[in-house]
Amino acid sequence: MIPRPPKRTIPGAPIFDSEAARRGYLLNKMCYSFNSKANRDDFLRDERSYCEKFGLDQSQTTAILERDVLSLIRVGGGVYFLGKLASGVLGLDMQDIGALQTGMTKEEFKAKLVASGK
Amino acid sequence: MAKVVGIMTTSHVPLIGKAIHLGLQQDPYWKPFFDGFPPIREWLEKVKPDVVLACYNDHGLNFFLDKQPTFAIGTAATYTSEDEGWGIPTMPEFPGAEDLSWHVRDSLVRDDFDMVTCQEMSVDHAFTIPMALLWPDQKWPVKVVPVCVNTVIFPLPSARRCYKLGEAIGRAIANFPEDTKILVIGTGGLSHQLEGERAGFINKEFDLQFMDSMVTDPQWATQFSDLDLVEQTGNEGVELLNWLVARGTIPGPVRVVHSNLHIPISNTAAATMLLEPV
Amino acid sequence: MAKVVGIMTTSHVPLIGKAIHLGLQQDPYWKPFFDGFPPIREWLEKVKPDVVLACYNDHGLNFFLDKQPTFAIGTAATYTSEDEGWGIPTMPEFPGAEDLSWHVRDSLVRDDFDMVTCQEMSVDHAFTIPMALLWPDQKWPVKVVPVCVNTVIFPLPSARRCYKLGEAIGRAIANFPEDTKILVIGTGGLSHQLEGERAGFINKEFDLQFMDSMVTDPQWATQFSDLDLVEQTGNEGVELLNWLVARGTIPGPVRVVHSNLHIPISNTAAATMLLEPV
Amino acid sequence: MIPRPPKRTIPGAPIFDSEAARRGYLLNKMCYSFNSKANRDDFLRDERSYCEKFGLDQSQTTAILERDVLSLIRVGGGVYFLGKLASGVLGLDMQDIGALQTGMTKEEFKAKLVASGK
């Protein structure tokens, strides 16, 4: 195979491109199902089997069960779809999610946002 | 003939929907954002637009990756607000401006914009929250035309393409043979990032530059690629593409009726502008 | 680098699917049409394309008017054939040429074509019947890229826009960094009309002119509006737009390997062409 | 209302434009459901109530029940959707439909097609 020029990357900013979309299709399809409350409840009753129903692979299922946000992105999760999981299913807000991904406490994360506005 | 009487741009953070539902508008956290709206509502009372044409991005409610549009336009008689998993209560349905929607759709296709036509459509928080900010009683006194821009999958339509879409919408409006007063809204942004190690990223300097460009140099941002915009404004800051579509609908200069930037609302640099044609 | 090794265009009348199923290829009614294909299959044996990129119109299977695309491209790993209510048996699923599909999708968006991206997709008779004509054993030796053009709701994308889409697909192919041999197919047409008092309309003269133009003046038909094409070739004859997309993928001259026109198959002027780049 | 320029028409060739699409949305949605055999069977068990389920208006329902093809087009039916009704539900072919619309017999209609090829 003819080598391709390296993809442009932006540090800390994962891009949802074709590579992510291909990897994460079934994971995103599962999260899209969380538009519906009945589905969110179903998931919470038996998470592993809900993941299996949608055909997630092992690393995607593990990332879901472990609430591992950075891994969920790495295995192809798109942010709008993961947001339905985080918010609708797990009851987390974007500062919880931000703290999880940056290694800060939630208070530190919020304080940094406020500082950005000065 | 129809006329764009103003352009309103605003952030559409889901948390705003919760704040409205819980009546938190006067809380210290929320007040600097919500205080931006009374002047806009006075303007609405004075100008009384007939139609809102809203440029926004669907976040996985009406569309999924099985059939992901680049640009879509609604032509329905009504639009519904649905559960999106963000905990925002739904809103009353919106009446569609059908004649105008079809006219714009047809004109855009003839202008070589490859639109998705939606005769049945749900509208997500990016559409509904701005409407609730403009009309808090949620008794919509306007008909609507929803126009969606893809910000789900990269590459996105370019900033230049988005501006041109706006111009084409403006041409369509200019030759709609009714004296309809149209408020164009563009929603989303400004700088923010939800995912990745750079979650929480904000770029106030770029936001101020961009807001200024909406008045002084509207095509300024069209120099940036989608990845340039991610770098400058964060992964979700790319929603400024919706602002560019909106701005494109007025070909000439505009004056600022109102402008507000408050950081942060949730992870977002929450910005609001109201512009009128000069 | 990837290369378009040929363009095959053919009618896709649903009744052909029934004829295949019932083994009617040698019947007097069918023979003049099916006899057009052995030379094409010999060419396939000799050239052995790796991929078929098919330009066709979905007839209300994968898409409905709730989200009706202008242009769509499949990027899936597989594509399924489904019941469409036309009584044609379904066919084995088709493997997707994923790398190429995404490459073309990305290139088209960067080239200002506002594509719908389909990560999951059913393919209708307009896609499946030509594949079965090329490979009657239905053991597909190629991967596929489906590209759909709206012929459901007027105004349609213009003939000129369709040709340009073809050119943009050609550019994308030319810079795909694998030595993939691509057969581009365009399906539908030629002249026919199913609905209205003019049902049964055929225009052999225009069909012959159009087929000639595919070789001698490929942009000839881009002078016609969608309604001009309805007038000249019948409501369903507008499917020649798919032929134009296909033809646009080869920028230079082509030679005719095979050409056949037989009237009628069902209501249709059934045409087939195989073209090679010179 | 400011008068619009008259629409271009082509005799005998109904165009599925915005006017038809608006008029016929529910009719076309019903016909789109005929992709599925289960739905086709459902329709045949009780046609009127299937039409009502989809919200068709009186003239659309009448046109369906009476197999009135020209009326079905007039009330906003798009040909690809009506084709699923004609072919999948009613077992008619395009020459039956052509004969119905042109007032010819099926044999006359087929002979005319053959003559067009000479």
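Residue numbering begins at 1 within each chain, and the chains themselves are lettered A, B, C and D in the order written.
Heads up, the rule we're going with is that a residue touches a chain if its C-beta (ideal position, glycine included) is under 8 Å from a C-beta of that chain, and two chains touch if they have at least 3 such contacts.
Every value quoted in this text rests on a predicted model; they were computed, and no experiment measured them.
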item: Interface with more contacting C-beta pairs, comparing C-D to A-C; value: C-D
item: Length of the line joining the C-alpha centres of chain B and chain C, rounded to whole Å; value: 38
item: Between chain C and chain D, centroid-to-centroid distance (C-alpha), Å; value: 25
item: Distance between chain centroids, defined by C-alpha means - chain A, chain D (Å); value: 46
item: Distance between the centres, which are taken as Cα means, of chain C and chain A, whole angstrom; value: 39
item: Shared-contact residues (touching 2 or more other chains) in chain A; value: 17-18, 21, 25
item: Residue numbers of chain C (touch at least two other chains); value: 65-66, 106, 119-120, 153, 155
item: Touch-based graph of the chains, sorted into line, ring, star, complete or other; value: other
item: Interchain pairs in contact, sorted by label; value: A-B, A-C, B-C, B-D, C-D
item: Contacting residues of chain D [partner chain C, same complex]; value: 8, 10-18, 21, 25, 28-29, 31-32, 34-37, 40, 69-70, 73, 78-85, 87-89, 93-95, 97-98, 101-102, 109, 112-114, 116-117
item: Of all residues in chain B, those that touch chain D in their complex; value: 1, 75, 98, 102, 105-106, 119-120, 177-179
item: Of chain C, residues touching chain B in the complex; value: 62-63, 65-72, 106, 109-110, 112-121, 153, 155-158, 161
item: Contact footprint of chain A on chain B as seen in their complex; value: 14-15, 59-61, 64-66, 82-87, 152-155, 193-202, 204, 227, 230-231, 234-236, 262-264, 266-267, 269
item: Touching residues (chain side chain A, partner chain C) in the complex; value: 1-4, 17-18, 21-22, 25
